[in-house]
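Across the two complexes that follow, chain A remains constant while its partner is chain B and subsequently chain C.
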Partner chain A sequence: MYLFLCIVSFISVFPLYWMVCAATNKSADVVSGRLIPGTYFLENVKNLMANQNIGRALGNSFKYAIILTVISLLVSSLAGYGFEIYHDKAKDTVMNIILLAMMVPFVATLIPLFQMISTAGWLNTTIGFILPTISTPFLIMMFRQSARSFPHDIMEAARIDGLSEIRIFFQMFMPTMRSTYAAAMTITFMNAWNSYLWPKVIMTNSDSQTMPMVVANLTQGYVTDYGMLMLAVLICTLPTAIVFFCLQNAFAEGITGAVK
Partner chain B sequence: MKKKLLSLVLVGAMSTAMLAGCGNSSAPAADSQAPAADAQTPAADTQTPAADTSSSDNAAGGEQTLTVWCWDPAFNMNAMYEAEKVYQKDHPDFKLNVIETPWEDVQTKITTAATSGDLSTLPDILLMQDNAFQKNVISFPNAFVDLTGSGVNYSDFAAGKTAYSVIDGKNMGVPFDNGAVVGCYRSDILEQAGLTVDDFTDITWDQYIENGKKVLDATGKPLISMQAGECDLIMMMLQSAGSSLFNEDGTANIVNNDTLKIVMETYKALKDSGVLVEVNSWDEYVGSFISGDVAGTINGCWTMASIQTAEDQSGKWALTNMPSLVGATGATNYSNNGGSSWAVTANCQNTELAFDFLASTFAGSTELYDNILPSGALATWAPAGESDAYAVPNDFFGGDAVSAKIVEFSTKVPSNITGVYYYEARDAVATAITNYINGSDIATELDTAEKTVNFNMGK
Partner chain C sequence: MSKSSKKMTLSRKHNLTGWVFLAPGALLILFMSFVPMVKALLLSFKTGVGAATTWCGISNYVRMFEDAVFIQSIKNTFFYLIIQVPIMLIFALILASILNNRNLRFKGIFRTMIFLPCATSLVAYAVIFRSLFANNGIINLVLVNLGILDQPYSFLTHATSARIVIIIALLWRWTGYNMVFYLSGLQNIEYSVYEAAKIDGANAVQTFFKITVPLLKPTILLTAIMSTNGTLQLFDESVNLTDGGPANASITMSHYIYNLSFKYVPNFGYAAAMSFLILILVAVLAFLQMKVGDKRD
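Presenting the complex of A and B:
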């Protein structure tokens, strides 16, 4: 049993180890399969800085991911809360339609979306980046599920005490559902950080490039510098890893249910 | 009242959600051949090129500025910067805005822009892979500008190269980098088998296999490695005899293609003799000849850039042409793999400027080609090959003037037909060759391949 777990964890951790090693080696060493950390790290950093505007890409990625995460959590949780607390037949139907939208692959909606955004003149803008993913069926569903476990007694009590509906949401629901928010935040942040196809299509300026786009740039051309590439991948992976590790406990709680 | 306000907010949220579809499933690697690419041409046709849209930040950035998409900082982007410098000598106000865009993304963006009818996102000039040129121009005829009368003298370019960007007799692109096939060998490994690079010059594949066996006996190393499931070598062999997977009229030319049969038999013979070893990925392929696990490789001349990353092997390499097919009509020792050409898009506001820029740089300046030679960008523009810079010996390749040699190779490459379904046909043939190696017979496999291609073409 433990042997099996050891093997599985080795398989999942090994690529990460390889990535870190590769980031410290020369491209030729990476290709020939060197598996021990090397001494070429600083050279790779220097090359990467010279080759790509990493600072700008990191800045852009953080900007888009943070704005998207904040707005999307607010919108989706309000929607999920509303669907559950004020639910009736019509709203359930709407919810089902939203869930149906979850099944449509993004590539199918890519061209109409692009048309809408470009007609609105939002190419190369933050709003163009975040609008399509501001509320996702998955998040709405997640908040709806957690709102189901939100005790109605608390709401009744709050209403009797004269709290308005909006304030019930902000003062009662939000603090109680902290772990759901944390889970949703991890998911949204990771998706926003790693999103590639959509930004690639609407961001035509080099000034608005994000980290995944920079990584993709590095794989182009007749010669790929694998050491430099792996360093860029490492830099690209760190923020999501940090976010995940910080919110790990809350994430697990949020997935399993918030109210005990 | 407050309930109403909340439901209003909810309605807003809901409509956004519907708008979004499921927006989070961003595919990590945008596949260049999104299904929409082929199917939705009519949508593009009905729209006039959106040259009037003022929202474009590309062409609108000033009369004397051109926006360019290309993808390799060390190679084609560098070439554009050098071209800018050359052109600025006579046109001080001229400026280029070069945006680094990987090829797969160029393809995605062309598809999105052309199918949605909003070409304003496209740059003035973009670099296109030669193998995808015909596909894009035929699928999106309104997205690109005819360069036939642009002042570019096409007779200065190698005919086989220009053919990639000629559609219906119109020149749609300015040829850029050279993909002439070279055979690169480790002379020190050949020496152990008592051979030199001369034994590999102007030979046939039969002689190649014979030599390969000698090397295998003496050193235990295969002569060449290739990526399994890819058919780079197959396509190079096929073109070396001037054969294509398509006929002039666009129909598939697979079942009755005698050259293709010879190619497949040759490939199997290479594999069976142990002279050719198959590896699983591109990285492994590059690794095999850099680390000396195989004695050399045959590929487009851009492979030299990868070879030269192994600085410690300087002087140990030698370069010559590829072997020719035995029994095929029109067999030569020359072929092509890869390469790209510049296209001018319909979003270009100042086509005069774009034409003049291309005609006086990539189709008119030996200075430019001399400047970009150190980056490995070899010209397909014949006058460049005559310049002194191309005659300088390359110490890495044993003091041989490899640049001039490759330009000479490229003028002898037979032209071939790529058509719209080039990549589909390539994939079908790759499957056929894999099955053939594993014991199936040629006729059945070619029949299946042709059926697959016809199915893709909707026939």
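Presenting the complex of A and C:
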């Protein structure tokens, strides 16, 4: 059993270990199968910077992902809270219709979305990037589930104290649901950082490109410089890896979050 | 009397507050999901390049089934679906039930390592696997050095092996992800059930099939639907791992739709018809999702 787990763990980790090794070695050494971290890291950095505008792509990716995460959490948690705390028949029906949207594949809305964004003049903009995924059925469902455990007595007490409904949300719901927000944050940030099809469609200008797009660009040449390529992959993976290691439990909760 | 009417207005006020709270989220989903969906349906009955489109009835749908590349992309997508999803789910289930064992040591480390591939972006892992399986990649190097192969095998330029590499990559990326669902599902099962089974003399295999699988049924159903949904929309891997090649032998439906809309001379109507077919395929499973998704009523 331990042997089996070790083999599976090895397979899981090896490609990532190989990536780190490749990022610090010369391409020729990578091809010859060198499997220990090397000293060519700075050269790879230099080559990569000369080849692609990594700083700009990183900046874009962070900008899009952070703005999307903040707005998305606010809009979705407000909606989930609204659906649960004030729920009645009509709202439950609307919620069920929203859940249907979960089944709409992104590619089925891709072309009209592109036309809408491009007509509005939002190609190559942050708003164009974030608009389709600010509100997702998954997050609304997740916050709706967590609002179910928000004690009604506390709300009543707050109302008697004269707190307005919106302040109850900001001052009482948000702080108590910190773990749900952490889970929602990891999942939204990761999805935003990793998204590829949508930015590929709307970021027509190289100034607006994201990190995954730059990684994909690097594979287009005839000769692959593995050191440089894997360095780019490493840079693209690091932010999500850091989120993963710091908030592993929140992330696990995030992906399974709405299911409970 | 006046008290009850005051209560009425208060609850009406709260009712309104609820609508105000959920309005931004609900409207965004309406305009970013349902409206485009209807537009895609309308578009699928039109033909023409760019904005100059005319109605053309169902000719896009007819053309679709005479399009060899599209047929190939459907075959590929279902090949990935039928082979990869069951293997992945069974594997994830086995791993989860091993890791659920209370007496297991280093549980946290194993869990983290198996879950780790989820931290990589889809483009990043596609590029890693493309490099691992390249002609001069490490897989070929190992196989040649072990004497299994005489010379490097070009995995990505042969149709079958290119598809299999995509499946291997998908297994690597998503098994841990599904395992996490099962682990969280297993935590809801009383551990004493397992201990009782042990006392009754059930072996590991019996426990797996008689306890774990039946009790996790809703979770298994859910992961199956999610994986199916995801596989039908596969894009990043097809683009970055094999570039759909060789000669469209590993292209997925979403990849072909992208090519038709944004790479070749854009034919939005035809591409929309294809995307609507994916929607229908996914919608067949929507009913199941609703059943496990929300159980208040």
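Methods note: the second predicted complex is superposed on the first by the 245 of 260 C-alpha atoms of A that agree within 3 Å, B and C clash if a C-alpha of one lies under 4 Å from a C-alpha of the other, contacts with A are read in each partner's own complex, and residues count from 1 in each chain.
By definition in this document, a contact is a pair of C-beta atoms (placed from the backbone, for glycine too) under 8 Å apart; a residue touches a chain by one contact, two chains touch by 3 or more.
The structure displayed is predicted, hence computed values, not measured ones.
Engineer: Based on the shared chain A superposition, would you classify chain B and chain C as clashing or fitting together?
Structural biologist: After superposition on chain A, which the two structures share, chain B runs into chain C.
Engineer: With the two complexes superposed on chain A, say which partner A:Leu123 touches: chain B (first), chain C (second), both, or neither.
Structural biologist: first
Engineer: Output check: A:Met1 vs chain B and chain C. Expected answer is one of first, second, both, neither. What do you get?
Structural biologist: Only chain C; A:Met1 stays clear of chain B.
Engineer: Considering only the touch criterion stated at the top, classify A:Phe170 as touching first (chain B), second (chain C), both, or neither.
Structural biologist: neither
Engineer: So, does A:Tyr196 touch the first partner chain B, the second partner chain C, both, or neither?
Structural biologist: Once the two structures are laid over each other on A, A:Tyr196 reaches both partners.
Engineer: Mind working out whether A:Asn205 is in touch with chain B, chain C, both or neither, as first, second, both or neither?
Structural biologist: After superposition on chain A, A:Asn205 lies in contact with chain B alone.
Engineer: Comparing chain C with chain B, which touches more residues belonging to chain A?
Structural biologist: Looking at chain B versus chain C, the one contacting more residues of chain A is C.
Engineer: Mind working out whether A:Tyr17 is in touch with chain B, chain C, both or neither, as first, second, both or neither?
Structural biologist: neither
Engineer: Given the touch rule stated above, what does A:Asn217 touch, chain B (first), chain C (second), both, or neither?
Structural biologist: In the superposition, A:Asn217 touches chain B alone.
Engineer: Touch test for A:Tyr86: chain B only (first), chain C only (second), both, or neither?
Structural biologist: both
Engineer: Touch check for A:Thr237: first (chain B), second (chain C), both, or neither?
Structural biologist: So A:Thr237 only meets chain C here.
Engineer: So which chain C segment collides with chain B once the two are superposed: 181-189, 199-207 or 253-261?
Structural biologist: Clashing stretch of chain C against chain B: 253-261.
Engineer: Quick check on the output: what are the common chain A residues between the chain B footprint and the chain C footprint?
Structural biologist: Overlap of chain B and chain C footprints on chain A: residues 31-33, 75-76, 78-79, 82-83, 86, 94, 98, 101-116, 131-137, 140, 165-166, 169, 194, 196-197, 200-201, 212, 216, 219, 226.
Engineer: For the complex, give me every residue of chain B touching chain A.
Structural biologist: By the definition above, chain B touches chain A via 2-3, 5-7, 9-10, 13-14, 16-30, 34-36, 40, 55, 57-58, 71-75, 99-100, 102-105, 108-109, 112, 115-118, 120-121, 123, 283, 286-287, 290-291, 302-303, 305-306, 309-310, 376.
Engineer: Considering only the defined contacts, which chain A positions touch chain C in the complex?
Structural biologist: Interface residues on the chain A side: 1, 4-5, 8-9, 11-13, 15-16, 18-19, 22, 31-33, 75-76, 78-83, 85-88, 91-92, 94-96, 98-116, 131-137, 140-141, 165-166, 169, 190, 193-194, 196-197, 200-201, 211-213, 215-216, 218-219, 224, 226, 229-230, 233, 236-237, 240-241, 243-245, 248, 251-253, 255-256, 258-259.
Engineer: Quick one: which bits of chain A touch chain B in the complex? Just the residue numbers, please.
Structural biologist: Touch list, chain A to chain B: 27-28, 31-33, 51, 75-76, 78-79, 82-83, 86, 94, 97-98, 101-116, 118-119, 121, 123-124, 131-138, 140, 164-166, 169, 191, 194-198, 200-201, 204-206, 212, 216-217, 219-223, 226.
Engineer: Along chain C, where are the residues that touch chain A in the complex?
Structural biologist: 14-15, 17-26, 28-29, 32-37, 39-40, 43, 95, 98-99, 104, 109-110, 112-125, 127-132, 134, 136, 138, 141-142, 172, 176-177, 180-181, 183-184, 219, 222, 229, 232-233, 235-236, 239-240, 253-254, 257-258, 261-262, 268, 271-272, 275-276, 278-279, 282-283, 285-286, 289-290, 293-294, 296-297
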